[in-house]
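The next part holds the structures, each set out as structure tokens.
Across the two complexes that follow, chain A remains constant while its partner is chain B and subsequently chain C.
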Partner chain A sequence: MIEEAIRDYIVRNSRAALDSASLTPDTDVIAEGLVDSLMLLQMTDFIEDHFGVEILPDDLTFENFGSIAKITALIEDRSGKV
Partner chain B sequence: MSEVPKRCDVLIAGSGPGGSMAATFLRQKGYDVVLMERRRHPRPNVGESLIPHFWTYTDAAGVTDRLVAERFIAKAGAFADWEGERRHMAFRNYGFSRPALHVERDVFDHILFNHAVGNGAQAFEDCTVQDVEPGETVVTRYVHAEAGAGTIASRFMIDATGQQALLGRHLDVRQADDDFRFVAIWGYFEGSSYMAADGTMQPPENARTIAPTTFVTGLPYSGAGWCWHIQLRESTSVGLIVPTERIRQARSQPGGLEAFFLQQCAELPQLSILLQRARFIPGSLNVINNYSYTSARMTAPGCFMIGDASGFIDPIFSIGVTLAMYGAFTAAWAIDRSLRNAERAESSRAIFEQQIQTRMAVSRALCRPAFRAPAYTEGRLKAAMRLYSTAEHGLIRDVTGLSGRSINFERMSDPAAA
Partner chain C sequence: MRTLHGLLRASAERFPVSPAIADGERTIGYAALDDLSDRLCARLFATGVAPGDRVALWIDKSWLALVALFAVLKCGATYVPVDPRAPRDRALFILGDCEVRLVAADAAHAAMLDEGGIPVLLLDEDMLAALSADALPGLVEDPETAAYILYTSGSTGEPKGVVISHRAALSVIGWAAGAFAISPGDRLSSHAPLHFDLSVIDIFAAVAAGACVALVPPPAMLFPRALAEWIAASGVTIWYSVPGALMPLAALREVARFPALRLVLLAGERLPPALARWLAGHVPQAALFNLYGPTETNVVTAWRVPKGFAGDEIPIGRATGDAAIRIVDPAMRTVAGGERGEILVSGATLMTGYWHRPEQTAAALVTLPGETGRWYRTGDHARMDGAGALVFLGRADNQIKLRGHRVELEEIEAVLLRDEAVSAAIVGPVDDVRLGAVLIAAVTGPDLARIDTAGLIKACRSALPAYMIPLEVRAMRTLPLTTTGKVDRAAVRAMLAGDRQ
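Here is the complex of A and B:
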């Protein structure tokens, strides 16, 4: 499942202190410092390799990366599943 | 000396923090990297106050332990005496577990350079890059002190030549920034006192036990001119950022710039107290003229500009080194993505361009004492600020407030995120 994979990726790779129990699909991962500017690029690699979709230059926004739910929606949109 | 190769995956011009870190990041991904440096390490460099964000990059590069072992001076935060108001901030209040640093840049840059070499970058010192031909294959001409002139072909090239801005000049995309027409003059003192984070003045021998702050103060005759005081291990770096017109007058006065500099040090209210028992180190004065610029483009086919080679504004927030490292990381990311999938070369370059331009635009807006951006720019700045954490918003608000510049932050910051 996409959402699980993204959640897992953030838990494993985030540099900020993370209380993994309280990380929900709607947690603001940017405000919390879990996704910073480096993570945005590293996660782009992960998403492209793992889901076989392409992230475009205009995609790196809060609207697409602000929560696990938003990232999931972006990937679903790119894989034409919606 | 080994011979300069004829080809490589990535050629990097310049080995300041940007070039050396880019070399390490690309070596970690297994690429064949050649690093060319016009001078020879250790060599002096300006920019001695580092914000704690830089650790993120040195962690990623695996060089943190070497830097910690050097035992540079840990800095607690910043202390400002600005238009009669005294304010200070401490990084630990924003969730940082590691200190900011005051570093001797000859030593700091040398450690990063050695780390790149240790990771297998082929480095050539006394080797000046003369000219770059962007393209499918990038062709770079250089002159090496021993081997003489030559060319090297690479799939990608990174311009990390600092203020030389090799590629920016060559492509004519470098734009002087008329809003920041300043000259920097700085020199070194022995025996200076410093300001601690609690607002007390401390003698130099306490620097190891009571962490210094970077002290800044505004110049009374210029809204945007200012002065820094950075406590180092054996000396203190003191610098003035002075409007170009004021420097013109100073140059024509008896004693020239040095007399002007020392007079300022003796007259600026808090600075003069810190320097009361200090001795100026003769011959340590440096000048950089009118150094503020941006670049209309920060890439060309196969080429990426990082750090000061891509642009430089006002050093008030001590972010130059960290920005160079961010550029290094982003360029290495874009090159790796392009080499793994040639169809994504164009979009990788576009992402790099967008990320670095945006970061530069945000820094520039925050630096300006008063600023009205066109609506389009303001929208982009707001979108960019939305990508910073809540802790970072608090830090930026307070740091810009030290020098009375938080008005721009308030405009750019989305209340929902702050």
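Here is the complex of A and C:
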């Protein structure tokens, strides 16, 4: 569910020319230019509103945001702690 | 020195093995940068580039892009950096507008250009390694030649090209290299993309001094912790960027010290006092300067921020180098001390003009009674404080700054108005806790059911750079009108701002 929502968010909001069929959970969304600095901040707003978790500036790392799978893991981790 | 590429040749002779560019794991020395750009210049000549031509650089910022930049200059040609993230239509507009002879592009961008259209030179390491070492016939050195054209947002709905000569660029570089005592031991961060005028000082002031320009790696541009770690580890001594690039560091829990940093230069948008205070505490050894100057003039004022600064507004300071500043009223008369007025700028750093836009150039570059030279009307307002430093007060028109980018709101509105269902469109900046400011658009039309707000955002995506795309488009039954029957911009913007809170 979470993974699908994040994937959908990226497909809808990314400015980069996106072949959505080739976007897998492990695609490097940073290297592919799918997530830039503005989108990263907008996406954290989306995640906070949508999943009720808090994302701090220290959480903005490649380890947390480098792919759909990583973002999903971050949200699952935070949701579990609430 | 007469040209920007002359700076490279001189530093290559004085400091052949000193590092010129640090890009990730790779370091390019001065002799190597000079040699590689010579070879690429010969290749550009061979493909038909001639002095006076425009050559576009559509490539992510990298050591390769900088080799290409110097190669173009050595041809006596003008480099036109195109935003690597620009939508294809906007890039094509720029390439056509300034009639480029050639596009030097990396593979990803070359793939976005049609075969049989504008000639493309594919830049990659293999291509560069295979270039022959034919000697150049000698540098083309004309200080009046256009060194680069930077496209900025235009209120007519199209971006316009700001043409900067070698002479103008060298004036800014000479001031920066001297005022900040840049020496061969310095490392300058390079954060701004090539199409942004901030990149001019970090690249060329470094080359002028025989210092090293260190390219901020992509992950550090995105993730605050990675940026803090890079600044600490890279040994950067001079940081130069928009304030927004450093703001996220102040929100981190713990940040490594930056022991090598001696100078922080910030420009391009309002410097928040909170950032100045964070820097004073975190990097106490580094001097902080607030710089000001539109693309048309580059940096023309500077102010050193004192460590204990406690005010609400950090001044932009006094005229730099050989720039002259006047604060004038609408009749172009110099205002009395302390009064608000428009900033006019004169001096060697001024642009040549807007590319092929004589009316806009004539409106922007004016003469003043009793004064010599051309004066650039910035459209920015300021007043002089008691100590003779200028304090920025905002703008009179519909231009705003978003994360350092110049945005003409009318350019976005023009894109929305292309849709037949839309009869009026107003775009306004709205404060946002996390994003600083976001753009919201209000549109109306005779048949609200025909307005496709998602479609309008899509249209913006294909025509405008990312920072100009409204976060949200709202279809409204009516928009408030002024007494003269025009859409009341101020009222619409106040309404949008109110809704957001």
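What we mean here is this: the second predicted complex is superposed on the first by the 80 of 82 C-alpha atoms of A that agree within 3 Å, B and C clash if a C-alpha of one lies under 4 Å from a C-alpha of the other, contacts with A are read in each partner's own complex, and residues count from 1 in each chain.
The rule is simple: a residue touches a chain if its C-beta (ideal position, glycine included) is under 8 Å from a C-beta of that chain, and two chains touch if they have at least 3 such contacts.
Since we're looking at a predicted model, the values are computed, not measured.
Aligning the two structures on chain A places chain B and chain C in clashing positions. In the superposed pair of complexes, A:30 makes contact with chain B and with chain C alike. In the superposition on chain A, contact of A:57 is made with both chain B and chain C.
Look at A:40: by the touch rule set out above, it reaches both chain B and chain C. Taking the listed stretches 56-64, 146-154 or 254-262 of chain B in turn, the superposition on chain A shows a clash with chain C for 56-64 alone.
The contact surfaces that chain B and chain C form on chain A in the two complexes overlap at residues 15-16, 30-31, 33, 36-38, 40-42, 44-45, 56-57, 60-62, 65. Put simply, chain B touches chain A in their complex at residues 56-57, 59-60, 95, 326, 329-330, 333, 337, 344, 347, 350-351, 354-355, 359, 383, 386-392, 417. Considering their complex, residues 15-17, 30-31, 33, 35-42, 44-45, 56-58, 60-62, 65 of chain A touch chain C. Residues 85, 87-88, 112, 218-219, 221-226, 248, 251-253, 403, 434-435, 461, 466-467, 469, 471 of chain C are the ones touching chain A in the complex.
Within the complex, the chain A residues that touch chain B are 15-16, 30-33, 36-38, 40-42, 44-45, 54, 56-57, 60-62, 65-66.
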